[in-house]
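Before anything else, here is the set of structures, which you'll find just below.
Both complexes below contain chain A, partnered by chain B and then by chain C.
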Partner chain A sequence: MNNDDDRLMNCFLTIFPGTTRDEIKGSKFEDLPGWDSLRGVTLLAVLDDEFGVQMDMDELLELGTFDAIERQFARAR
Partner chain B sequence: MKLIEALEIARRPVAESASKVRAFLACGFTPLHLQTFITGHLRALQEETRVEFSVGLFGDLCGSLERLDPSIVDLLVVVIEWSDIDPRLGLRTLGGWRPSDMVGILESAQTAVARLEQALTKAAGQIPATVVCMPSLPLPPMFSTRPLQAGLVEAELQHTVAGLAASASRLPGVRMLSAQRLAEASPPSDRYDVKSDVTTGFPYTLRHASVMGELLAELIRNRPPMKGLITDLDDTLWAGIVGEDGVEEISWHLDRKTQMHGVYQQFVASLAGAGILIGVASKNDASVVARAFERKDLLLSARDVFPIETHWSRKSESVRRILKTWNVGADSVVFVDDSPMEVAEVKAEFPAMECVVFPKDDNQGMLDLLKHLRDVFGKPSVTGDDKLRLDSIRSASAWRQDSIKSAGSFSEDALLRAAEGSLVFSLAREGDARSFELVNKTNQFNLNGKRFSEFEWRRTASNPAAFVLSVSYKDKYGPLGTIAVVVGAANGHTVEVSAWVMSCRAFSRRIEFHCLQYIFDRFAASEIVLDLQATDRNGVIVEFLDQLLDEPAEPNPRLAKASFLKKAPELPHQIEEVSVCEQR
Partner chain C sequence: MPGPADAVEEKELTRLAQRIFGPADQRQFASVSGDQNPIHVDALSARRTQGGAPVVHGINLLLWSFDSLASALLDLPPLRSFSAKFSRFVYLGEQVELRLVQQEPHCSRLSFSVDNDIRSEIAIEFGDPERHLPPWVDRSLAPQSPASAALDPSLEQIAERGGNLAFCMTTEQAATLFPSAARWLGVRRIMSLAASSYLVGMVCPGLHSLYSELSIETCPDSDALDFLAYRVSKTYPRLRLVKQEIAGGGITGTVTCFVRTPPAQQATMESLAGLVDPAEFTGSVALIVGGSRGLGELTAKLIATGGGRVLITWQSGSEDAERVAREIRSAGGACATLAYDAQKPAEEQLAGLAHVPTHAYYFATPPIFRSQAELFSRERLKEFLAIYVEGFWQLSQALRARCPELSMFYPSSVAVAERPRGMTEYSMAKAAGEILCADMNVSLAPMRVIAVRLPRLPTDQTASVTAAKFADPVDTMLPIVREVQSWPR
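Right, the complex of A and B next:
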């Protein structure tokens, strides 16, 4: 993982406390413990704040997983 | 603070022993990140406080406030936006912006403001602390005038909301976030996130939410103000060197290009008026300084200042004497001097003191200094005791000097009788701001060193047997103001005292005996149980109780009335008035 990937993982770990890196990497967002629309909105705001990436909820759900976001960010770099 | 940091801080574990604050965030929008930022900033300021927020219903600010049960809330945070005044003033409700709709919008705004005022008045009377932020977002482009022209409807809306801010500011326990301070930290054009508002119901940019959260957290914390300012004179309080230039040549006026020294004078005088102690430390001839203070155009009166230390010794020596006279710690005092060398010398001697170089040739620097000083000395309100403080210190100083002079000539009883002292006892269910301040700052005559949060203090009244006794004193030397506070509960013939403090300015006057006598009499008590805990600074009260108790003072001693009466000396003061009132 590079530095940006670490930051991305840290965002997920903060928003979904109690989950492990493996759970985050291996799950769809909707399957993460504690997922709800509020967490989704918080995740979108954090991604904007930390990486300047603006998405809406539909795009986020379409990406679906941490790995997909990670790949999208890598392509954008 | 970034959102991720706020989330991390807000989720840090808090010690079980941390004080818990039950907060209610009342806003008409989705609280989302604002709640996170307030919590994060509060935790950053007060690590050992657990703030637990509950929130009201989306889109119903007035209703959320009206339905609030004040008995389960310690802290109320109210964030008002235009859409709470009328939904048509936001973008989420489509209700019409025709010119013919404007009268209806104004009428509904006035109704909503009246409801909010009523709900805030009710809540403020029962909740320990309330902080309020008035609308911070721009009005939408709904008016028929160009955006650069404020038309009648816009002006009427602003006027209606300003009226609410003014009336809420008068309510006890309510602190209003300054729109000016908010605008300095968060430019109005960068506050509104229309996409977020329309899609999620959260209308703020993250930056605005963070700034608002930070300022609200500061307002909630309500940091106690610094107590005293020690200022230099030459090239600080006035421009020029009075000993060289002469009394008539020092200046603080526009025509001499020294106006900002006059602004500093009127600022210092305003601090004095609000009860901040003002002292002078100047290397000068005392008689010259006295003549300078006689100038009629000086904006700071000699009566506003005590003591004035003028001599040629080191500044730190003057500062030491001033601190001793005031009996305050270096960490609650600011020292201002135009000489970096003097500032460094005082700082070396008193590392805890904030020492500031007066920027004498820099108008903007002087204005910035005044803003900083307003920040460290500002207080939510000015009490009667604030206005008395300096006179009280003068009186105590005069008493000490007379006591020293008359030692050996008069007995203590005779000296006390000659002082013509009188005491006013005020008994209430809940203590006032001065009692709260005294309990939280007194170290020496302090039963157990216990400090109260604003929330704990205003909750003392929830026990029906509880009382707060505040005692003020005056004698022929002048008034000392409120100098003692006792917090307790009366149960049958036993009074349990959980906090008892007395200002050191009131020592040696037997006021502590008067307090006990009053409690025994007022509650027809046969014994007083004292929650005594020795601290590293309260030896004076432990020693006092040792004299009265049959056994050496230990935790929770019981003082029987019979024992007290046997050992109490003559009580010299008149009880001028006893007021017993229920507060709020």
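Right, the complex of A and C next:
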């Protein structure tokens, strides 16, 4: 994992405390413990704060997984 | 491996308290905190919010949690910080269970749940306070006195908000209502946390707010402040999310809240006038169950615009029904209102009808979105079936006895095919309703039932915190109304 990937993982760990890195990497957002639309929005705000990336909920759900976001961010770099 | 005795001990360790919050608790906390937001205290207004019914103040739950924790564990170390996430609503009458999820020398974690469905989580750190008063606090600003009605600023206005709020809760009230928490934290921290509920619910964002998260550090420097200072630190208009910094009464921290989308407004009679021929539905009498708001309101207006006589029913919102009726009458339409409960026998409720309905539209529904821990709840399915199947059948039989060529509309849902998460029982009940409609069309001619799977449309039931994509209600309903009104040919 490079530095940006670590920052991305930290965003997820902030929103889903008590969840392991493996769970985050291996699950769809909607399958993560505690997922709901409010938490999704809060994740979007954290991604905005950390990376300046402005996504909406539909885009987030379309990406679906941590790995997909990671790839998307890598392409944008 | 733990044995049964261990399991009992563990259970006793983790379950701290249980409580059912009732209307009196709600009024009391609203009064002492000043947070009289309608989502908490006005059942009629709350039914038009994302909650669908009055919800317990998150800060009341938080303070009850602290009080229960301090009561159960007498030698709690000083609080250094905590964070709380209010993930899901807690409704009046629900049994809330507070659990101690983790207890270590330097930290604790609490959760409260209803039927094992976690509604909120609190993470606590113990230790000596380290924070100093934030430099943005302006002691020279006079504290604002509590407002009696919730403010309703725009997102642009919210971005610039800040000020000092006088505490509404007194030291005596803090010590009386939350005695153990007051001994642990000090009364001023209780007052300050209660003031954060007032801030969110009444001032900023105010009327359409939703308290989502709270991250707090104890701050002895701010103990001398007799008010809660606040300033909006960031807004995310796209997400309708607001972050505010707060300080006062011995705490400092960040509040995260949402600006809820306001209740859905249906098209006005004036805006519909050009879409429907004024004589298109003349001669028909349409009974619209649930016509006081949402798609029922829109359907009533469409038919009245076309010259049809409409009778709209309401279960709890008589004022909403009268508002719709007034608008229709003002535009020259004919509209009456009727109290009707889809779970009670239809025949008795329709006994005094002045005009025999030739058409009927059935929009009766219980709250659709409710959080639950399990995929399937038998009780939820029964609740949906009682209205979507039994209530519809009862009504159809009572009306068919009066008008054998009755034409009815049954609103099914795309959820039957799409199966969104958390809507298992809803989808099952709508599917059962569709089967009933199909069999009625086979066996009960000349009456006819049109069942359509509606897309997600903007109504109070589908209101979400964030902007959601909806189909256009007029574009969706007008062809359906024309099809239903076309029978008998």
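Throughout what follows, the second predicted complex is superposed on the first by the 77 of 77 C-alpha atoms of A that agree within 3 Å, B and C clash if a C-alpha of one lies under 4 Å from a C-alpha of the other, contacts with A are read in each partner's own complex, and residues count from 1 in each chain.
Everything that follows uses one rule, which is that a contact is a pair of C-beta atoms (placed from the backbone, for glycine too) under 8 Å apart; a residue touches a chain by one contact, two chains touch by 3 or more.
None of the values given here were measured: they were computed from a predicted structure.
Engineer: May I ask you to decide whether A:P17 touches chain B, chain C, both, or neither, giving the answer as first, second, both or neither?
Structural biologist: both
Engineer: Can A:E30 be said to touch chain B (first), chain C (second), both, or neither?
Structural biologist: Once the two structures are laid over each other on A, A:E30 reaches chain C alone.
Engineer: Looking at A:R39 after the superposition, I want to know if it touches chain B, chain C, both of them or none. Which is it: first, second, both, neither?
Structural biologist: second
Engineer: Would you check which partner chain A:D56 touches, where first means chain B only, second means chain C only, and both and neither mean what they say?
Structural biologist: Touch partners of A:D56: chain B and chain C.
Engineer: A:T65 in the overlay: touching chain B, chain C, both, or neither? Say first, second, both or neither.
Structural biologist: Touch partners of A:T65: none, neither chain B nor chain C.
Engineer: By the touch definition at the top of the document, which applies to A:D48: first (chain B), second (chain C), both, or neither?
Structural biologist: Both chain B and chain C are touched by A:D48.
Engineer: Looking at chain A, which of its residues have contacts with both chain B and chain C?
Structural biologist: Looking at chain A, the two contact sets intersect at 17, 38, 41-42, 45, 48-49, 56-57.
Engineer: So in the complex, the part of chain B that touches chain A is made up of which residues?
Structural biologist: Touch residues, chain B against chain A: 2-4, 7-8, 11, 32-33, 36, 196, 199-200, 202, 206.
Engineer: Hey, which residues of chain A end up touching chain C in the complex?
Structural biologist: For this pair, the touching residues of chain A are 17, 30, 34, 36-39, 41-42, 44-45, 48-49, 54, 56-58.
Engineer: Where on chain A is chain B touching in the complex?
Structural biologist: On the chain A side, the touching residues are 10-11, 14-15, 17, 38, 41-42, 45-46, 48-50, 56-57.
Engineer: Under the touch definition given earlier, write down the residues of chain C that touch chain A in their complex.
Structural biologist: Residue list for chain C touching chain A: 85, 87-88, 118, 121, 123, 210, 212-213, 234, 236, 238-241, 243, 256, 258, 371, 421, 464-467, 469.
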